[in-house]
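Going by the order they are written in, the chains are A, B, C and D; count residues from 1 in each one.
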Amino acid sequence: MSGIIGVFSKDNQKVSKYIYYGLYALQHRGQASAGISINNNGFIDYEKNLGLVGDVFTSEVINRLIGNIAIGQVRYASHSEKRSKINSEPLVVGYKNGALSICMDGALANYEELRGKLEENGHLFQTDLAGEVIASLIAKYHKDSLIDAIKKALTEVNGSYSLIIMTKDSLIAARDPHGIRPLSIGKVGDDFIFSSETCAIECIGGEFTRDCNPGEIAIIDSDGIRSEMIQSKKRALCIFELVYLARPDSYIDKRYVYTSRFNAGEILYTECPIKADIVIGAPDSGTVAAIGYAKKSQIPYTEGIIKNRYIGRTFIEPTQDIREEGVRIKLNPLTSNIKGKDLILVDDSIVRGTTIKRTVEMLRNAGAKSVHVRIASPPVKHSCFLGVDTPNEENLIANYMTVEEIRKAINADSLYFISLEGLVEASGGNNGFCKGCFNGEYPVKRLKEE
Amino acid sequence: MSGIIGVFSKDNQKVSKYIYYGLYALQHRGQASAGISINNNGFIDYEKNLGLVGDVFTSEVINRLIGNIAIGQVRYASHSEKRSKINSEPLVVGYKNGALSICMDGALANYEELRGKLEENGHLFQTDLAGEVIASLIAKYHKDSLIDAIKKALTEVNGSYSLIIMTKDSLIAARDPHGIRPLSIGKVGDDFIFSSETCAIECIGGEFTRDCNPGEIAIIDSDGIRSEMIQSKKRALCIFELVYLARPDSYIDKRYVYTSRFNAGEILYTECPIKADIVIGAPDSGTVAAIGYAKKSQIPYTEGIIKNRYIGRTFIEPTQDIREEGVRIKLNPLTSNIKGKDLILVDDSIVRGTTIKRTVEMLRNAGAKSVHVRIASPPVKHSCFLGVDTPNEENLIANYMTVEEIRKAINADSLYFISLEGLVEASGGNNGFCKGCFNGEYPVKRLKEE
Amino acid sequence: MSGIIGVFSKDNQKVSKYIYYGLYALQHRGQASAGISINNNGFIDYEKNLGLVGDVFTSEVINRLIGNIAIGQVRYASHSEKRSKINSEPLVVGYKNGALSICMDGALANYEELRGKLEENGHLFQTDLAGEVIASLIAKYHKDSLIDAIKKALTEVNGSYSLIIMTKDSLIAARDPHGIRPLSIGKVGDDFIFSSETCAIECIGGEFTRDCNPGEIAIIDSDGIRSEMIQSKKRALCIFELVYLARPDSYIDKRYVYTSRFNAGEILYTECPIKADIVIGAPDSGTVAAIGYAKKSQIPYTEGIIKNRYIGRTFIEPTQDIREEGVRIKLNPLTSNIKGKDLILVDDSIVRGTTIKRTVEMLRNAGAKSVHVRIASPPVKHSCFLGVDTPNEENLIANYMTVEEIRKAINADSLYFISLEGLVEASGGNNGFCKGCFNGEYPVKRLKEE
Amino acid sequence: MSGIIGVFSKDNQKVSKYIYYGLYALQHRGQASAGISINNNGFIDYEKNLGLVGDVFTSEVINRLIGNIAIGQVRYASHSEKRSKINSEPLVVGYKNGALSICMDGALANYEELRGKLEENGHLFQTDLAGEVIASLIAKYHKDSLIDAIKKALTEVNGSYSLIIMTKDSLIAARDPHGIRPLSIGKVGDDFIFSSETCAIECIGGEFTRDCNPGEIAIIDSDGIRSEMIQSKKRALCIFELVYLARPDSYIDKRYVYTSRFNAGEILYTECPIKADIVIGAPDSGTVAAIGYAKKSQIPYTEGIIKNRYIGRTFIEPTQDIREEGVRIKLNPLTSNIKGKDLILVDDSIVRGTTIKRTVEMLRNAGAKSVHVRIASPPVKHSCFLGVDTPNEENLIANYMTVEEIRKAINADSLYFISLEGLVEASGGNNGFCKGCFNGEYPVKRLKEE
């Protein structure tokens, strides 16, 4: 997963600031690396490195990054990939028609095949990024028209992608034919913005115009914005964007993320009502659904667990020389709220099951009389190959346990997962989702198991 | 304000880990500097510097800090003080009876007078810390008994203080006769803990035993724990600890902080009921009171503003070259929740009035139909000289404006502050508070205006 | 210019240490960036960045770099190139036959042409490194035999190069057909070494075996070492290696660098004898020739200028707010040795003329009665395109001034440059040098002026 | 040992730059810590930390250090002291008459006694610095006149010291009655300078005026410079300043350091002539004496060992996993110069004997036919307690071995130490030296063995 953003201005030479602030607003989409590339009068300068936006960019760097077109990315390193500088994006390449820079959110199902073909043709690869394959295809196909080359390249590509490509005089976005990953278009003053999520557009003081359509290529240059189509297929937005990935203040394909989660909380209660003293959310992922659950059920919403906001990358994990089991630095229960209570714990999803197990245990140790777990998405049974970093299937608890077995394993008094229909309803009704994690049906053919 | 913690063990040579994790749990009490000093077989080693706990301590440093007795501090630099390494605590000094280390939360009303007298006697001072004055008095009075010297020193001192003093074989805590600042006692296994707040004891896997009493000196050495009294005066716990300073999961003098804030939210509604569509809290300080308000009023609690959790010390503040007014990196409204709504915004307090004004404006820009502001503490009219870093009185908006004038200034549709009686009731009833910020009545005589 | 080194071991998994220490010994060949790549059981790990060896490599990094084959490089950024991380070497690439890593000392005369052709074929480039062009050619030509591909690639290449290429099971060195840049072969225990200079072999405790021959490809794998030839042309070792570039304790093509410089000093006196009180060297480049001059002339060798050894990359250059003209932080004359003396100042070369001018002025200010300048190489009149970063010809003082004009410009009492014949004699006699900087005759055709 | 410098200006608010550059020129006197304190209109700001000048001071820090009076120090941590930030100087203290800052080169024989007395009086100490004791004495005695207080304080003090004290309107230097440590006075434009060595005055573009006299207190304020006397005793400049400590381009008490070392080389030959092929110096400490030896003996001076100039504080020392014995990163012999030669190796001194032993071994391994060691100071038999960090006496090789035994131990063909008379003659004749390291006669009574 990644967060990507691009800005095009006719005359503002300081668009790197927009990218910088926009990346802060997209940081939840990836904490492994951050990067910005910028068109400084035809020369592409850039800075990228491992770390958070605040680690990679100093005042000095941002002041150096002068130019009127820029793109940026925050990136999540998948669990099967080594964290490596070289896989930072944006990628910057030179080819026969000059320089271009590319950043991408998504994953290609036929990455290995495409790369293999290019390598057969003598191409080198210096990263493991799907963006490098796409850049190579563009270079291969670019005769007269860059847009034609991009179209031709993307026709060969299978998978999920939201792309932003920068040249010395244009900014081009493309979204895969199913619209699996989000991509939005906006303006700040007279300048144009592409962004993974609308929250970044809002946060830099811009206005959201519209979603980039599935299969659309949107091109911005000094003549303004225009669109072409790669091809359009059945819409299949990754429903996990609404469940967990996106920021609650973003709109994706006309749905408000907060509302989807709140609705899921309400539906959780409707589908499986129960009495209890309080409703709490697992911090922070379950909070919004817990608020919705509390509203619908009329059971009081209460904070149950404090999350320490100061834990950062330099935090030293507890080891056994201090009583590891008892240490609660990251999360600590609000004992006085918990003790002697029948409580409902709402979380967004269960993947491996380890976190929810620890949380239930913590609440029991804090004196909870009963802990009823409610999950705002169905059991995750399949591993995503389209950009969400779920573990291999053998590590997905719902893949090898029934709901009742999971309940026992996590020591909950009761456990309920929202139905897939309920989640779809919460998400605004069925106008097109990828629900592969839950039902194994993906819009793109899976070529091989990772 | 500061957070302090000390651990005494008979045989565990790794108590620095407890201090390290405890400081993470106390980080909200001070972000200017952090420090740990430790007794390594009679030699006092230490590390302290400007920055957060995560900035100051690496694995390497924590592994170097070997010993069985240790103290630590996170410190807030007051607005009138330059941020300076030299004012980091714990202070480590040598004197005729060996070495001692001291850390302190609080402020002395007669600091200047005491320091002046010591200087007349030829003493040097290398910091601006009240702890250095106290250490000097202890060195001056220490003949045979350290405890007698501490008692004699503290008899001369006027103000608020919670102190932890480490020698090569003992750990000593003292709390001022009014108990203005909090101080708690606990155990982790066989080891003893002193801590500003109980949350740090819990977080390191320990158990809270009791509050240190006003005027008490608690001494831990190889014989266990015992107490002596400096003197006891009327209890006067700083009520701001409950309003804002302490962590919601701490108990202070038998009150649970979360509950006090939740109660204040309920009482706010009872004192001044109003109808509206939703209740939101100013993040994060108003959240708990907003939840209480929502419960009592039956108006739905809703998240209204997203706080960006990635903003850290390296964040580059927006300047005018990007449309400053529109940039909303730190806080962004959940537009879809706000638009067209009559809403109640709950915050813990109004000091200068600038933050709440910006928040109201942000909500109006997001489309709020009306914004009713409710404050979970009375108007702050007086500047604290006992350890809370309130600005000078001329900068306190409630000192030069009526409530109605403030309402206009912050552009709220209505504004209500909880009554002082209401706050006291919320805080568990009147068994002893310093309410000086609200009514100007302090338990200690103010010697001069800063 | 660059320093390169490679080590192949059958079983030692810690060869990164050899590379690390070897790079310290080669640091004089490039201070812009440093890098190591290593074969860890088929996976190529690496670390490279801007800065000195000591800046780029920590204990942690070196301990992470596990493997039995490794290459490393220190690199000088040419004056026409931006200092950029991306141009750090070794380069690591994947292609159809796996991964390879490459580092190179030298410069290609037909770089633009080769890159252009590859780009026409759809290749991307991510750096400005000649090594990337060579890697692309190898990928293009690699059918069955890597060595054949390397030979085919190098046949297309014109210029100076010493290359080290690492695959998952071999280490391959190649030197251009003229042998313009140095490259040596050695052993440490049972492990093989390639290195730009023999000093690195000695410094890691190894033994120098022989020079890599012009046009030779030397291949090391588990079967030992063997050689093939690209083609062999007239030897043309860059004579500047002996004048300035190489470390005095290196042997290059059977010449000892110290001896060449010492001889040049002697010949300088023989060609143009003069009387004076003392001989001093410009630190540090003129020291050895000055010692030779003193020996031959019987005029006492004296230290005349102290060089501050603590000036590093964090040094803040003096600006005008302190009396810039008088500040002598980097170099300070030994006044008492200089005052009232007729002195001979020996330096290795004059390029722009600015440094020698400041040095003469400094000596005059220190009271020198006369300053006679002797240069241990002929006037530099041509700009190198084969790897030595000389400025453009319009900036070469000897290109637009006669010797007498230079003498006046630098305010010397007399000025003498060694003859080209003298330099060749000092360098061991004429068995093959590139003397292009002096006489404009290069072994490779210059394609265009930079 | 330390290097200290102070600058007083009437109107220049940027004297921190002079201190910064001056500390670079004094860096050889201490590499453990560096610091600057500065008078910014009555407020004393400062920065100090462990590390070299280039590590401690960034542009940002130097630009922050505004003011017209400043002092600075580079400090060596003695082998018996932990390297600790707290022992960085300058020390900054507040006392009844305001603030002062102090830095000191030297050591007090009665430090323990003085500190003990002050502690009996109730004083705290926060460092192990002699300067803190002196500051405490000044605070104790300061009634009306600071100068009287300094005089009274220094009368109680026994030992070696060069002090610079800064107040808000004056700069005061003091040198102990024997003048054991150097201290010089100069001007840069209209501004006054005190400095440990004249090289720092020269390097910042100033002019050396005169040495500060033994027992002198020199006071600079807006009225100019004036002097008072503490008391004057028999001159006893530490002769090791000339042998090793000071920079060769400094004048100390009218002697030029380079000349003293050169003379010692000449006298070494005169006292004990021998034939050989070449003379080399141990880098860098023996170089100047080797040049003198070569001149006198007419045996050619040759460079014999290359010192790697890039080894810094981040260098990873070789461990046994690479063939430790053979690694020669820091020093490498110029084999071609050494092989088959009878050579004379000149060094400044032998302390523990370990370094010279390794050097002789390295030269033998490089093929030297014979190695004759000549030392430009007599055998060091006594441990200094006056500021030179010699090891305890049991570790001084000359304390437990005869010269012949040392020769065998270091495996030299012959070994000769200059006579004490010879060293004194080389140093300009006997007008007052401390020669305690050689003959055990110190100008100050040693109170106890460390």
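Keep this in mind: contacts are C-beta pairs under 8 Å (C-beta built on N, C-alpha and C of every residue); 3 or more make two chains touch, one makes a residue touch a chain.
All values reported here derive from a predicted model rather than from experimental measurement.
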Longest centre-to-centre distance from chain D, chain (CA-based): A
Distance between the centres, which are taken as Cα means, of chain D and chain A, whole angstrom: 60
Length of the line joining the C-alpha centres of chain C and chain D, rounded to whole Å: 37
Separation of chain B from chain D, taking each centre as the mean of its C-alpha atoms, in whole Å: 48
Interface hub residues of chain C, defined as touching at least two other chains: none
Pairs of chains satisfying the touch condition: A-B, A-C, B-D, C-D
In the complex, chain B residues that touch chain D: 86, 91-96, 116, 119-126, 132, 135-136, 139-140
Chain C residues within the chain D interface of the complex: 14, 17-18, 20-21, 24-25, 27-28, 52-55, 57-59, 62, 188-189, 199, 202-206, 247-249, 251, 256, 258-259, 287-288, 291, 294-295, 300-303, 306, 308-316, 318, 321-323, 325-329, 332-337
